[in-house]
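Everything on this sheet refers to the single structure shown next.
Order as written gives the chain letters A, B, C and D; numbering starts at 1 within each chain.
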């Protein structure tokens, strides 16, 4: 029960498709408490990733993730560009040289990615950012891995944690990013970045519980 | 059956009141085929006339008309300022020195005023301007005066002619003024200047058939 | 009505007070009658240049008073020609003995009010020449209309004549240069939205979300044709085609290309339009040697643009390049 | 969505092409990565000044590239910070050996992207200083927010630092002057209408006919408070009171008063606001010795305004007055 390189490539492609499908939704969320570009930003980024992917499809998973990260950095812009960039770059660092991933590898990758996001953006849990979706997800994967859960089970637990973390942003007052300017007026809205982060983890379940597992 | 100086002063005051009442209506008409200021323009002018009037209330009718004309010229602006200015200035010229007006005097005043408007604006009948209301009115007064009609009858005939002239502008294509830029699109709208001219002549009936006559 | 105003009746007065407070180094603002005059006027031996028109077109004309452009501007009520007493006082205030040029946009009201002012000024012994600007190709035939409106070329004429007057050219010369600009300049405009005349309080015309007006003037008057909203490139093409075919401009002509915003359209979009307009000019064999991009002759908060082409020659280019120092147009000093 | 555009995805590209076609005498436009660089860059021995940010704020920053202001501007997608490769290439392109100053508006995205670019540039041996502009008094406390946004003072900092760099001041000096402008500048903005982000296609927020937002930024983000529409004088008072009480400005201080339009508000209304803002400044004991009025830092077609006050001293006044030659700000040359 491993995640192969092809699985990784499929996940990234499916992420691009899911982002495209949710572009308007993410724009709407970002219009409510931000500047209305989040959907367009990461869509632009993942489109660039799609066209870059063939050039590294035969490389190790670490290289693939780093390429994704680097591409996002140079095409997304805004706050989410460097943050998603950091996520994938760090995922790439801890998976360097690998051609397949165990559950423990995947958990380590997400944890490293999360740390990259925190290092760049300095948000803590509860600031109403993507960290609120990523941190519980990383935790869930880590625990599932220790508990020896199956990969599909772990992915599902992780996705549930991501979704819960995303929903938890609704009642929060934003403390970081553009939504923080709104103060109390940010309450009652779901964070766009947490929403896109959740999306990536939902796609992992969808992709890998029909395929590799 | 004469028009006294007080009658003249009352007419002018009532004109100011009628213009104030019809300001929005005239703005609306001018918005449809012009630039939406006619009501505001002549309202501004007649308000200035109202505050100027006391300084000439003891002068001859010619002086009063000329003062109205001069005041309109320096406060109305736009196309209607010089045109209504010319109307009253010429009315003043032919009534110079008079302290009361016969029907013939009034007919001559309106005719002179009309000629002043034509000289300045160079519009002919059917160009969809105030001339379309003023020319039939002048003609009606002239004929009523020759036919020896009573002043009230003459004023009523004149007012009917003015109203008819005003309504006749509706199907016309404008050839002068701002509405001419619209070409065929000016068809179906009543000319604002013809409407305000008609108003002045309707006020004359109202003022002088309850008062002097 | 969403505007930064207090009472609609006070808007021109408060604007003029704002101009007086902002630019005491450039202009003096007179009230009752209202006019804006260049600091230090009259300049002995210099032809005075006076323009004016309704307010709501800012920065035209008040923003163009200063060295190398206008000596005085007469602002009327919003979209309403000023009254003759304003132009008379302004004319007297800038007459340095070399006569005064009136630059008049072709609108019935402007024409008549300036005419009366010129007559009155002549009665007082001031030599006055008037040049009427009528560059709007959207209005076709003066037999059936009040004639072509004066629009974008007015800005160019004021700059160029101002430069000529600065070098102490005679009144006759400056007036002839003004006529030359008018003869060689053509414009056309379009609107995405109507404007709201403050005292009217609602849009002069209404356009559906998917409609636009082509061939508008600068007073919120409806245009010649209402059309489905088109991409910027198509709009640029419609305007440029009408303009180029009207003069006609010839292969190899040097031109000034002026893309103007109507007041509610941001600079970003004007550059998108400029991009295509420039491309069309070049494809048509014109050499765009000068340009101007910005909101210089506006129609309150209307969204939209106009394009003006001016055929240049050495004299006009030199005068365009000459130093100018006004609130809204400034270079070389 | 009523805009002069073609495809929303092409707006920045087409705008940049328009700028390239319009101002070949002032700038060069590079694509992939996108940046606008001053003609003739790099200037040996001169500190290079680079700024950038999302598009939709024009003329900032591209309109400020030229003599006496910016050496390069990096435009992102609409309202989206540019990416590090843009700033890296721009920094390399303007490095004349004296180092490069990054003027960064305080937004999470701008900060992070510029930070990465500065690191990369330093890796290539270029000395880089970054100054973050955060002058928006509408945002109160960086403990609970991403900190005050960078708004109007950015324009003033770019002009003033540009002048300092032009006299070959050192990177450290120019950076310190930039910090001084930021320390002494305060701004606040308001909106009458929302703007429409092109790829979103509808207003970012919606305001009723009788509502306005106070304390907005420049990205169409909602403000701090939604209020009933108020007269211009009241709006000027709200903004000025917040600004003046924040610094605090002292009796007798010389200030630059900058009344800025958000993109959809015509100049006429800005002068109405200026009129009151100037009056309030004077009543508060401030001496308005310089000013700027116009749409310089915008938010697409948003209607509204912002006010910026900058406390001047002799050095800042001299640098403000120094010649500048850019597409959007020009004097003295």
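Keep in mind that, in the parts below, a residue touches a chain if its C-beta (ideal position, glycine included) is under 8 Å from a C-beta of that chain, and two chains touch if they have at least 3 such contacts.
Nothing here was measured: the structure is a model prediction, and the numbers come from that model.
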{"item": "Neighbouring chains shared between subunit A and subunit B, ordered by label", "value": "none"}
{"item": "Common touching chains of subunit D and subunit C", "value": "none"}
{"item": "Most distant chain from subunit B, judged by the mean position of its C-alpha atoms", "value": "A"}
{"item": "Interchain centroid distance [CA atoms averaged], subunit A/subunit D, Å", "value": "33"}
{"item": "Averaged-CA centre spacing for the pair subunit C and subunit A, given as whole angstrom", "value": "55"}
{"item": "Where subunit C touches two or more other chains at once, by residue number", "value": "none"}
{"item": "Arrangement of touching chains [line / ring / star / complete / other]", "value": "line"}
{"item": "Full enumeration of touching chain pairs", "value": "A-D, B-C, C-D"}
{"item": "For the subunit A and subunit D complex, residues of the former touching the latter", "value": "27, 31-37, 40-41, 44, 73-83, 120-121, 173, 175-178, 180-183, 185"}
{"item": "Partner subunit C, residues of subunit D touching it in the complex", "value": "2-7, 11, 14-15, 17-19, 21-22, 55-56, 58-59, 63, 192-193, 209, 212, 229, 231-233, 235, 263-276, 278-279, 288, 291, 293, 295, 298, 300-301, 303-305, 325, 327-328, 330-333"}
{"item": "Residue numbers on subunit D that touch subunit A, as the complex places them", "value": "33, 54, 76-85, 107-109, 112-113, 116, 138-139, 144-146, 149, 197, 199-200, 204-205, 217, 219-222, 224"}
